[in-house]
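Paired with subunit B in one complex and with subunit C in the other, subunit A is shared by the two complexes that follow.
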Partner chain A sequence: MLFNSLDFLVFFFVILCIISFFKFRRFQHLFLIFSSLFFLYYTDNYLVTLLIFTILLHFYVGREIYNSQTIIRKKIFFVIGLIGSIGVLGFFKYTDFVISQLNVFGTIIDLNSEIPLLNLALPIGISFYTFQSMSYIIDIYRGSLKPSKTLKEYAFFVAFFPPLVAGPILRASEFLPQLREKISQNEVSQKLKLFVITNTNLKFGITLMSIGFFKKMFFSDNIGPIVNNIFSNPLGLESFSIMIGTIAFGIQLYCDFSGYSDIAIGAAAILGFKIPLNFNKPFFASSPSDFWTRWHISLSTWVRDYLYYPLVFKNRKSEGLVFISLIISMLLMGIWHGASWNFLIWGGIHGLFLACYTILRKKFPTASSNKFFKSKIGKISSILVTQYLIFFTFIAFWMKDFDHMAYAMKKYVLLDFSTAGTIEIIRDNELPILLMILFMILHFISYKKGNIAERISKLKIHYWTSILFIFFLSIAIFYVGSAREFIYFQF
Partner chain B sequence: MNFKLLLSVFVAITFTGIIFSTSMSFYINSYDPDWYGLLSNNSLDSTPKEKIFLLGSSTVYSVNSTFVNNYFAKNDVNYEFFNLADMSDSPKKRIHSISNIISNNPAIVIYGIDVGDFRTEIKNEISLEEIIIHPKNFFLYQFEDFMEPIRDKIPGSPKDRSLLTIKYFLFGPQPHHHPFINFYETSVTPTHELKLNFNDNFESKKLDLSDENEEIKSLKVIINELKKNNIKLILFTAPKLIQEVSDSDIQFFEKTLLTYSNEYNFPVYFLHDKYVELEIWRDSQHVAINNDTQIYTENMTEILLKEIKNFAI
Partner chain C sequence: MTDNVHAIVAKVFSISETDVNDESGPENIESWDSFNGLILVDELENNFKIKFSISEITDVKTVADIKRHLKNHNVSVNE
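Moving on to the complex of A and B:
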């Protein structure tokens, strides 16, 4: 069920109505669990069983890890949990990739047979709910989290529909206390509503959802065509054309994914749950590591906490170890996005940038307090250099064809200063270019003004309605004609 | 839930809906071939010619108006040709703008219709198995009657319609003789590829040429309106590489059109399968636009010249 489809709006509206009017509050969480399963079933049909399997496996494994009296038993259950989650994810997401690589290898060594591909359907949201479940058992194993007392509670955490399909990746340590608070409220007094839809939450949630729809349907869907025009066949294009393509894709990807996150966070907020931000003005990042505190925050912090920290835990002072750990972490981040070499390259380049930056910072610890870097020009220069590097990586994110990728990267780095073709591209894509400029202005305003959604939601009702009207009208009159899938659905 | 907040959202949605539906139909209903825009310095044609309007969906938009007009100019034919093809047009949609078409006083209207538009959904009871496997289809089935009129009001691409409207007010229709769909060169795709990739659910729709079909009703109203206003009508079946109906249905369609042709006295041409052997297709529904695919435009010019002569007699 796409968020940007009428189906979802009807589904969400019905859920809100039932929650508001349903008298048996004790069953609200059960109702939401079944609604969430239906949400996935509606899109993914029988593959919803994978989600149910993941829930059951991790719930029982988590409990066993917590109750284990011996280290060995604890480890055995921990490994079972990890194998279960990585196994399911790996089988559905990476089997065909591995087979195709084996076939390539077979061709190289002249084996005259090929392993047939399985052509498995990728279950929607599997990367997200698997990582969510893994963090649950890792936290229990580390002793930083108590397992869920009931299956209902755990199922609610994993299956909760707003972030189910494309994140943000929830942490049990952040989400379960909110759920427990509601459940304990219910135990204290039947009069208290389990899921209270408050005015503040409703107003904030609707605002954030509207902003999300606006980002996706106004910006992302309308900027998409210029990206396809440039990136589908970049051979022969000028450097500036490639740069326009990378900037357009960066904006498209950001609006698409952060738009989805906004809708998810908004929907959760209406139901009374606080989900942490997934994006925080990433195009104002002033270093590669700053970028990863602003872009897909839930995944970057997951990789940091569950992979990078354990890797460097033993020897943080070893530059080599830090370097390798960062590369490994970012390669995992890359392959998480999809079973394809281009994502590995994308992750590898980010790893390289991060590693170089971290080592440079260690070598020159006082550089950041240098007058230049503290000045306005210094800050702007840092942002521009960082963004130049970040946008470079988007080439690898989009292009699966190596010749195209190599050509585009070469043109991006070694500028040819030709403009004739670029002018033609701009002339043929007036609307996407105008939207890119408008996006940059709005992004700058939101960077300067802080949390725009919160500000809008605090406006008086008639101003608030007017702003919603502007969002809705812009979406409607610039609607491209059919609900376009979110880019991150494929991951 | 706070009903004041929900009411506000409802108000915002309602206003959006009103402005959206008005603006989407505004352009096509206010279209004037003599309008050159607020910002344009183009002067109006000093020697007014009789107008020929080509109506139809994107299946007729590849008829090159520049070619036709140049041909007319070279051969002293005192007519100006406008390709008013509109995205996803069908008689049911065109009927809403027919009064504006008439108000622009065309001498001739040539209308390309597509047999596929006269198909209606077959409404079978949805099975339990279908509900279990495709729950989405169940909901679509339940709300189809409610959704259909809304869907009819939304053009194929609202964005394109919005941009065309803005450009129309500023610079007049652009391109001037192709006001509703941008006319630009497109490349040819090999027909064997198109046939291989063609995907249409034939079984979900059936040809319905009864008077109960809204498309037939609308077509008859359009024919009557044009006749009432002394506008000559030429009807033709728009070319397609692959038809969505069976051969026997096509024969029945041809027969029905010939009946209308006799009843209402207008010429009818059958082009639906004329180019199926040629490599001129952009996709299975549309002839590509480039110098190698002019045959469609050339044939259209021949038809027009022939009928201009016939009408003169």
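Moving on to the complex of A and C:
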């Protein structure tokens, strides 16, 4: 069930109606759990059983870790939980990749037999809900989280449908207190409903969802064709054409994924839940590490808290360890996106950028306080250099063919200054180019003005409806004809 | 040694002490990333002669969280 489909709008509308009109509060709690399971079943059929397995396993393991009297028993249950999560994720997502690599190796050493591929269907959302579940048991193991008292509560946290299939990845420490507050209100007062839909939340949620639809259906879907034109066969193209392709893909990916996140956060807000931001104007990042505080924040903070910090925590003064830990962390980030070499290369390049930047900061600790970097020109230069590096990595994110990737990267770095072919591409793709320029202007305004969704949602009703009308009119005029899948659904 | 957490935070992130309050955190201090976050841990540990656990580090979202964890280590902080 795509967010940008009529199916979802009907589904969400029915849920809101039932929650608003039926007064059985306990029923609301269960109703949302079963609605979430139905949401995944409708999208992914019988693979919803994996979500149910993940919920049951982590709920039980989390409780056992917390109640364990001995460290050994605590560790055993912790390892069972990790093996369970990584095992299921690894089996469905990486088995065929490993088999194909073994087959390549077999061909090199002249083995005449091949291991057949399993051709497993990738369960939608598995990378997201597995990481969410893992953070739950790790936090309990570290002693910073009390486990859910009831299966209902835990199932609600993992299966909650807005962020279920493409994030943001929730943290139990942030989400469960909100849920517990609603449940305790439910127990104390007979007058309160469990899920109260307030006007403020409704207006903010609808605004954010509209912005999400606008990003996805107006920008991403209409910019996509130029990316396919340039990236599907880049051999022979000029440097500037490759650059237009990378910029277009960066914008397409951002609008697609942050659009999904906005819809998810908006839908959750209408139901009364606050989910943290997943993107924060990433194209104004002024360093590689700044970029990762602005792009896919829920995943980058997950990797930081559960992989990078444990790796460097005890020996954080060792430059070598910090360097290697950053590379490992970013390789994990890359492979998380998919079982493919291009994602590993993408993660590796980011790791290298971060590691070099970190070492430079260690060598020159006062450089950031330098007058130049504090000046406007210094800041703009930092942003431009950072974005040049970040957009370079998008080539690896898109291209699976090594020859294509190597050619595009070479052209991106070693400029040929030819323009004839690029002008032709621009002429053939006027709409995507105009949309890219419009996006950059709006991204700049959003960077300067702060939280645009909140500002719009606080406008008087006639201004508010006018802006939303412009969003949906733009979508309708430039609608590409069918609901396009979100890029992050494949992860 | 100082008992002023705000001064340490301001020094690590190269900002004015008046810009630091209990709500300050990675969301509103631009230079608060994983690198500077670990420098802040070093500064706090050296200053207050304590050792944070990894769960305390990952739990910190704001300056108020830092103060809460310092109090758990029996450190009295200047509010």
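Going forward, the second predicted complex is superposed on the first by the 491 of 491 C-alpha atoms of A that agree within 3 Å, B and C clash if a C-alpha of one lies under 4 Å from a C-alpha of the other, contacts with A are read in each partner's own complex, and residues count from 1 in each chain.
Here, a contact is a pair of C-beta atoms (placed from the backbone, for glycine too) under 8 Å apart; a residue touches a chain by one contact, two chains touch by 3 or more.
None of the values given here were measured: they were computed from a predicted structure.
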{"item": "Combined model on subunit A: subunit C and subunit B, fit or clash", "value": "fit"}
{"item": "First (subunit B), second (subunit C), both or neither touched by A:A476", "value": "first"}
{"item": "Partner chain in contact with A:I327 - subunit B first, subunit C second, else both or neither", "value": "neither"}
{"item": "Partner chain(s) touched by A:D290 [first = subunit B, second = subunit C, both, neither]", "value": "second"}
{"item": "Partner chain(s) touched by A:L352 [first = subunit B, second = subunit C, both, neither]", "value": "neither"}
{"item": "Which superposed partner A:L56 touches (first subunit B, second subunit C, both, neither)", "value": "neither"}
{"item": "Superposition-derived comparison: subunit B or subunit C, residues of subunit A touched", "value": "B"}
{"item": "Smallest distance from any CA atom of subunit C to any CA atom of subunit B, in Å, after fitting", "value": "31"}
{"item": "Subunit B and subunit C footprints on subunit A, overlapping residues", "value": "none"}
{"item": "Parts of subunit B lying in touch with subunit A, wherever the complex brings them together", "value": "1-2, 4-5, 8-9, 11-13, 15-17, 19-20, 23, 133-136, 139, 154-159, 162-163"}
{"item": "Residues on subunit A engaged by subunit B in the complex (per definition of touch)", "value": "7, 16, 20, 38, 41-42, 45, 197, 199, 202-203, 206, 222, 431, 461, 464-466, 468-469, 472-473, 476-481"}
{"item": "Residue ranges of subunit A touching subunit C (in the complex, touch as defined)", "value": "139, 142-144, 173, 289-290, 292-293, 304-306, 308-310, 312-313, 316, 358, 361, 368-369"}
{"item": "Sites on subunit C touched by subunit A in the complex", "value": "14, 26, 30-35, 38, 41-42, 53-59"}
